Amino acid sequence: MMPHWLDNFLFTYQSLVYSLGVNALLALAMYVVLAVGQLALGQAAFMGVGAYASALLTVKLGAPFPIALLASMAAPALLAFVIGAPTLRLSGVYLAIATIGLGEVLRILYLNWDFAGGALGLNGIPEKAGFVWIFGTLIVALVAFVFVSRSRIGRAMEAIRADEAAAGVMGVNLPAYKLAALVASAAIAGLAGAFNAHVSSFIGPNDYGFDQAVTILSFALLGGVGSPFGPVLGALVLTALPEVLRPLHDYRLVIDGLIIVCVVIFLPTGILPWRIGRIGARK
Amino acid sequence: MLVRRQFNLLAAAGLGALAFAGPSAVTLARAADPVTIGAVEILTGPNNKYGIAIKNGFDLALDEVNKAGGVLGRPLAIAYEDSAGNKDQAINAVRKLIGAQNVPLILGPTLSNEMFAAGPVANERKVPIVGTSTTANGITAMGPYVFRTSLPEADVVPVTLKTAQQKFGIKKVAVMYANDDAFSKSGYDVMKAALEKLGIETLTTETFGTKDSDFSAQMTKVKSVNPDAIVVSALVEPAAGVLLAKKALGIPASVHVIGGNGLNSPKIGEIAGDAADGTIVGSPWFIGKQDPTNQKFVAAYKAKYGSDPDQFSAQAYDTLFIVAEAIKAAGAPDSEKIKDALIKVKHTGVLGPFSFTPNRDPADTSGVAVLEMKAGKFGLLQ
Amino acid sequence: MLAQQLLNGILSGAVYALFALGFTLMFGVLGVINLTYGFYFSTGAFIALYATHYLHMPIWAALPFAAAVTGLIAIVIDELLLGPLRRAKAPELSSLMVTLGATLLLYSLMTAWFTTDIRRFPPAVFDGGAFEIAGLRITLSQILIVATTALIVGALALLLQKTRLGLAVRALAENPDAAQLMGVNAGGIVRLVSFISGALGGAAGVLIGLNYNAIQPYMGEAMMLKGFAVIIVGGLGDIRGAVIAGLVLGLLESVTAGYIASSMKDAVGFLLLVLTLWFRPVGLFGRVAAKRA
Amino acid sequence: MSATLLSVEDLTVRFGGLTALSGVTFCVAKGAVHGLIGPNGAGKTTAFNLISGMTAQTSGSVTLEGAKLDGLPTWKRTARGMARTFQNIRMFREMTALENVMAGAHLRTPESFGSILFRLGSFRAAERSAVANAMDILDFVGLSEQAERRGGDLAYGDQRRLEIARALASDPKLLMLDEPAAGMNPSEKIGLIDLIARLRARGLTLLLVEHDMHFVMKLCDRITVLNFGAKIAEGAPAEVRANPTVIEAYLGAKVARSLETRA
């Protein structure tokens, strides 16, 4: 039997701990696209697609959780694949704005979709995801990211980020890499969305808009994109911060904003500027 | 005892690991240690006006409860947590209040959305959670520990529409609602059902966004169908915008706007000015109610905060008395006992007579008043 | 109804255009999507509110006063936030991010001070009277918005096309390095453009606050998404494009709400945005943008 | 005469109203060192960009080993056996010198996604051989000591050599060098001349753009001269040096330049 205080402690911080894991996954989703130099801000939208796809399956159709998880990855990945081709011609702020537009279009879609609850969202989502699911996935994802970084693919990705045209001349198939990054990002964000839906029991159409998109971006930028650990650290810090700053009340968001500003100006490579090596095996 | 107090302070500072003062420890506490209940409201961010009105109502009632001797011979205290209008933060706040501060009961959260997220958490932990401003359908269906003292829209809106129908002979209306938030949408669902039941024809249904400021296109459409009245479900800001657009497009004052709970706020007159005149709402409470309890409340509120209370403050004010009575009846600050006592409470407050239905919703709709705005103030519809 | 809907469309289009002018100018010259722009919008409205409330200024004095003060605030914010990044030649991602953090900071500060209560101008400040011409209704504040937008567009066009200063601004927008080599005082121009954009944002806030009679800290944020759509459709940095795109968006929204479904009204902007990015990412008339993309 | 590796036919590109290159035609023979020269703004780098696929031509065509490359993106041209360096160095600055070269060997590193994810033996083998191969190349250009240093931290001349190493890593048939000697001091230039000679000895075909006349005349078998986007001469170094049009183009340019500086 668990001691009473430990039980209370876990109960108190359970959703915070879950949010840490979910947000770390979202930060990785952001990292994938930033790692190929693409400022695609569709992660919130993909998260929403994953959350809705999985929640509709478990709530309305009573599907088993693993099936819902697969759908939460497949649906946004498919969406990313379809919109990827025309979108990836865009660069910089155009891509950023186009992907923000995607989030808004989906929001309007959910609002007008009665089967998905419209503005009321979906209630009573079973609490299927837990500590093991969320952090197990996070660890698997991190290991995969480290493995991919330390390989031919990791070198090509960093080359694209450093100098896209030069990477092309090295023989890197730019559209294929960018599309793959976007699809992977969508799948991870969708999975995070499914986890989030299945620990907080309620999702609504307004949870995946512009605000959420920039929050996810700030995870990655705060942490730095030299290695996959940077965004994860950024997510942990920014998720814990509102709880830590709770006593400041009105000035909490002020501090939040101030931290972002100071990091960008004074620590342009993030709070974890360490760059991961790109070679997988030597002797 | 000094040691105990320090522990309480540490626990209040959010160091959950040290908060091992379980219910058994509480009974050992000295008489002067307060009974602390929790409250989760929107205290920061864009929607904090609702949370602050509610907090004001709680605090005012708290003063009076404590002046009258508190509960169980101890003072009553409220530990506030901010949700910032964010459902994840609402969940965290509820968890923290229960897990780290061991509160036996939670007031709030402010929005129906937040309640849908946080209600199941309290219910799972068997801690009663009492919404004072959550009017959407299905709130109390979440579980036996979820209560609300606010009349759901489903109780208020039919009364409003029926009164207006009889009074003005309304036959056909235009409906406008914000389709992007749960509060307004569920209000609309109620209106739609009530209109059908009363045999009132809906000429057109127009939607807008809660953050919109331009309603001219929708209002032009409404004007073109010549309704007898316009039925609106929205929060106060967009509702004020709708009223201003109605005036700007020259729709006569004889075409009344009939609103849901969101329009029931003095803010609507402050923002929309004379464009708000003629707005009809149903309310569990209104500022001009003549009974002495209410007049005392309004005067005390003005004295303390320097502004008029709204229904959110009034509901919060009554709710705190209801909860205090339940704690007294329970005989101990124990969640299970309070839950059992709460359902039996009968209280007459500024909203009129109050009791819970077996489903933990307010039972009595006799307090519903239909109000009309005149010169920036709501008064009983004459 | 059609005529009234078209008029509605032109009016809300003018509002969009007015908002987008400073936004697009800021991008065109400074090369940065400055998310703090929405804050200038709110700031302008609040300054005018206080000027009319406490200094008892008439609205025709409060409007330029608020615009000028907002412009000065914009210079300070630009220098503090983007100055260090420009000097370090940081990537555009950093600029986006720093203005994002600043937006969070500034809005929260504003809410902490002013709360989120909606305020309105004192009724004495402006007569909200309406005119009815041939069955069409238009209010005084709407006339003011359209007139001011037209005036500002005209003045900006003159400034950019006909003056030496305008030439320097355009040179800097086309090619910052070359412009500096040719003796353009880049620092000065940056401050000037910050001032003008901030002042435009502030003026837009005053007029739109006056029209909808609702002023609160987050009013600027609500305009940002539409603002994005307008400046992209018009072409980033394109003044004329912003005006036309604003009007097109306003008209399409009105017609959609009037004849299709009001629930689709908000989708129009994004549909337009998507189509533009798909078929013509440089915007309707974009040329400067084409070089930057 | 030996077989043709690269042939450029009637290559033209217009940007807006400006014709940057008009109707340029030349052939590069297998195993040759071919120079592309001309005054500033003659269109040399533009020609490079068109050949490597970084810019799309308005008309004309580029053929490598008899196969048309038109419309192919850069990475497909690289797969066909083409590699290049850049006039203003485009190093992957954060990567080490070794990683830079390995990135250049992208197409020659047989690692499947699955083998990377599961760290299969085939992945390890491929990675080890990629490291060995890259070290060989670094050794060949004389940078093996610098293998673990950040690309951006290398001395200027070393960065130029690293770019060449990176291009070599794709094992090209045609290596295109855009002003390889620019910014180098005399001793670095001597080293570069030696390097190019050794590259040629390995059987590589080289196409190079260069400003330094002495350098070009010394190294090249054949030279194509551009001016104002058009070809004005072609031939062996001695022929080109004696060509009056070429002299005039250079002299004219010089006179113009001296006038500019005086004004």
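Each chain carries a letter (A, B, C and D) given by its place in the written order, and its residues are counted from 1.
We take it that contacts are C-beta pairs under 8 Å (C-beta built on N, C-alpha and C of every residue); 3 or more make two chains touch, one makes a residue touch a chain.
Being a predicted model, the structure only gives us computed values, none of them experimental.
Among the other chains, B has the CA centre that is most remote from the centre of chain D.
When each chain is reduced to the mean of its CA atoms, the one lying nearest the mean of all protein CA atoms is A.
Centroids of chain B and chain D (each the mean of its C-alpha atoms) stand 73 Å apart.
With centres defined as mean CA coordinates, chain D is found 47 Å away from chain C. Separating the CA-averaged centres of chain A and chain B is a span of 35 Å. Here the spacing of chain A and chain D, counted between their Cα centres, is 41 Å.
In chain A, the positions touching at least two other chains are 111-112, 250, 252-253.
Annotation for chain C: residues touching 2 or more other chains are 108, 111, 263, 266.
Every pair of chains meeting the contact definition is listed here: A-B, A-C, A-D, B-C. Residue ranges on chain A touching chain B, taken from their complex, read 3-5, 8-16, 19, 107, 111-112, 118-121, 123-124, 200-202, 204-207, 242-243, 246-247, 249-250, 252-253. Those residues of chain D that touch chain A in the shared complex are 52-54, 73-75, 78-79, 83-84, 86, 90-96, 98-99, 102-104, 106-107, 109, 111, 113, 116-117, 119, 123-124, 126-128, 130-131, 166, 170. Those residues of chain C whose C-beta lies close enough to touch chain A in the complex are 33, 81, 84-85, 88, 90, 92-94, 96-98, 100-109, 111-112, 224-225, 228-229, 232, 236, 263-264, 266-267, 270-271, 273-274, 277-278, 281, 293.
For chain B in complex with chain A, the residues that touch the partner chain are 13-14, 16-20, 22, 43-45, 81-82, 84, 87-89, 91-92, 95-96, 98-100, 102, 113, 116-117, 120-121, 125, 136, 138, 142, 178-182, 184-186. Chain A meets chain D in the complex at residues 144, 147-148, 151-153, 155-156, 158-159, 162-163, 165-174, 226, 275, 277-283.
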